[in-house]
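Each of the next two complexes has subunit A plus one other chain: subunit B in the first, subunit C in the second.
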Partner chain A sequence: MNLAHLHLIMNHVPTVGSVAALGLLLLGYARRNEHLKHVGLEVLFLIALLTLPVYVSGVAANHELRNRSDISIDAVRIHQDVALFGFSWMEFAGFIAWAALWQWRRRGRAAKGMVPAATLLLMMALVVMGRAANLGGEIHHPEILAGGTPAPAGDPNRFVTSAITQVAVYSHWAWPAAETIHFLGLSLSLGVLLAVNLRILGAMKQIPFADLHRLLPWGMLGFGANLITGMFFFVGQPAQYTSSAPFYWKIIFLVIAGANFLYLTVFGKAWGPFDEAQGRRSGGANAPFHPNVADKAMAILSLTAWLGVLYAGRMLPFLGRSF
Partner chain B sequence: MGASGVVAVAATVIATLAIIGIVGYLLDRNG
Partner chain C sequence: MRESPSVWAFPTVLTLHTTGMGMLVGASWLLDLRLLGINRNVPLSGYRWVFPVVAIGLIVNLVTGVMLFIKNATTWGTALPFLVKMGLVVVSAATILPIRKLVLRSGADQRDAGGAARLLAIASILAWTGAVTAGRLLAYLVV
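Our next item is the complex of A and B:
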């Protein structure tokens, strides 16, 4: 199986997953059921996370197929442009969904407007992703083209991805600035998750877990900064990454590390979920903290995944010959 | 990279940190 095949398998995840998440959210509104909305936000966050490997495998497929005479490279690049917009909407929706879930966990409800905002962003993402999926289908299925002809060729620099490549290659400061932010984002993300996960594993017992858990949004913001700068590198110099084995390991570890954010946000009864009747977290902020085996396993998995992200990222120029 | 590049990098990093700081503060206050 090559990366084009992988993309063909995975490319339905954002659209089908978004429909599922949107369905749960709308059903939650229709039935006035907060639990359904909560599950909808969880699915939305997971789909946003899985959209990353879908986009990456799509770019890799582009590089594998670009020299084939039976495929219009313009059609591929238009698809890639729209997919980048869809990916951006999806990640934004995923971030708002996570923030809503985090507030839910801390206060028992999301701030006013957060869930509707996540729902609207998801709708936007679904529309753009649907368009990207349709354009993707047209690449090798000319029978579904409305006019029977592929998209016309034109100035290759009209594509957004090409414009990003121009900035990445020719700007003297954009790449160094993005690298600096990438390292700051990694420090923020790894720093917060290191503290939270080590606490779960039994370190720093004098610090209440609820206090460390409060740091989670800072880690997520670091994660977001890294996603944006990382995508700038990837879209700017795709060939460098699509032929690099450590890059794919980094993406796999990144999805696992991202899923840990969701686990720390919605699961784990050990640190007292919000109690509606009492109007506060059950047991209070200083309640005894008893992580179970699943909590500890997730902590070890998260720390391992972050080490993997760190190692694979740092080894990008040294393993393989793509840099 | 010349002096203007160094200033551009510093300005971008400071602007990013400011955005992270503001959003992080808002989430912390409302969380």
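Our next item is the complex of A and C:
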């Protein structure tokens, strides 16, 4: 099995998963059921997370198959370009969904407009992902081309992926600047996640858990910066990563860590009971916190996964071929 | 380290240096943001956890940093980005001392840190950002 197989196994996740999340959200609207919307947002976040390995394995498949004569490289490149747009819409929707879930946990409801925004972004992602999936099908499903229409040829100089590679290769400052932001984002995320997870594990007991938990959006900010800069590296110089073992470890750790982040976000024990007068859940010393064994196991998993992301990322130049 | 027969020695030291950086800079930033007024609902005393985290990060990075420097002493010793980085590390580490005094002295419910603390916080954020930037550029500007 190679990464092309992995891509074929996973490639329906973004489209089918989006339909499922969208269905839950629309059903939530139709039945005026907030709980369904909440579940829809959670599914949306997980699908956005799983879209990462789908995109990455697709680029790896491209590098494995590009020299085969029975495959149209133009069809592959168009598919890859549209998939990058679909991926971007999907991640955008995922971030908004996360913000809505965060507000939900904190205030008992999401801020006005957040859930509709996530729903609209998801629709957009689904449309673009559907187009990407269709173009992907044309790579090796000649039966779809029954009408005899060849895959539309694109101008390689006008692909967004090519433009990003141009910047990554020829700009003197873009790569170092992105690396710097990547390290700053790492610091922000690691600082927050260490504090929150170590508190769950029993450190710093005198500090109310809610006071640390409320820092999570800063961790997400660092993660967002690192997703953008990280994708710049990957799209800019994919050959450095597609055959790199630590890169795949990093992606696996990232998916685990991301799922754990969702758990931490919707974590029921983070905040005290809902305070009607303040219009939000009570925090600070009014929110007693008693983590159980499962919570501690999740905290250990979270720390392991994040340190795994860091370690695998740092090993990229040594075990892989990147710089 | 360079003579170490293990191919793991150098990357492991580098990873520890990065982890220490994350602890040190991340925790410092969160406290600086609080001093600037973010998360005002949390009393200053709720940020005492920052100091042990910063201390551990500093110690780890001092040790690993010396190891990394020894490997490249001949080129880094006179390289501008390295000297800038060292200067900024000293400045940002120095800002934590008055900040620490201020936070440890704050009452159980004290919310406002005062104008001097805000200046210190801005200096700390800028100096750490600069130190990380200079450190990263070291890899590109100095061979």
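Keep in mind that, in the parts below, the second predicted complex is superposed on the first by the 295 of 323 C-alpha atoms of A that agree within 3 Å, B and C clash if a C-alpha of one lies under 4 Å from a C-alpha of the other, contacts with A are read in each partner's own complex, and residues count from 1 in each chain.
Throughout what follows, a residue touches a chain if its C-beta (ideal position, glycine included) is under 8 Å from a C-beta of that chain, and two chains touch if they have at least 3 such contacts.
Remember, it's a predicted structure, so these values are computed and weren't measured experimentally.
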For A:Met204, using the defined touch cut-off, is the partner it touches subunit B, subunit C, both, or neither? Pick first, second, both or neither.
second
Considering only the touch criterion stated at the top, classify A:Pro14 as touching first (subunit B), second (subunit C), both, or neither.
neither
If we overlay the two complexes on their shared chain A, which of subunit B and subunit C does A:Gly258 touch? Say first, second, both or neither.
neither
Given the touch rule stated above, what does A:Phe318 touch, subunit B (first), subunit C (second), both, or neither?
second
For A:Leu184, is the partner it touches subunit B (first), subunit C (second), both, or none of the two (neither)?
both
When the two structures are overlaid on chain A, which partner does A:Ala195 contact: first (subunit B), second (subunit C), both, or neither?
second
Pick one for A:Leu310: touches subunit B only (first), subunit C only (second), both, or neither.
second
Taking the superposition as given, does A:Gly94 touch the first partner, subunit B, the second, subunit C, both, or neither?
neither
See if subunit A has more residues touched by subunit B or by subunit C, and give me that chain.
C
Under the contact rule defined above, give the subunit A residues that sit at the interface with subunit B and also at the interface with subunit C.
176, 180, 184, 188, 214, 218, 222
Residue ranges of subunit A touching subunit B (in the complex, touch as defined):
99, 102-103, 106-107, 111, 172-173, 176-177, 180-181, 184, 188, 214, 217-218, 221-222, 225
Contacts from subunit C onto subunit A in the complex sit at residues 7, 10-11, 14-15, 18-19, 21-30, 33, 39, 41-42, 46, 48-49, 53, 128-129, 132-133, 135-137, 139-140
Contact residues on subunit B for subunit A in the complex?
1-2, 4-6, 8-9, 12-13, 16-17, 20, 23-24, 27-28, 30-31
Along subunit A, where are the residues that touch subunit C in the complex?
175-176, 179-180, 183-184, 186-192, 194-195, 199, 203-204, 206-208, 211-212, 214-215, 218, 222, 283-284, 307, 310-311, 314-315, 318-319
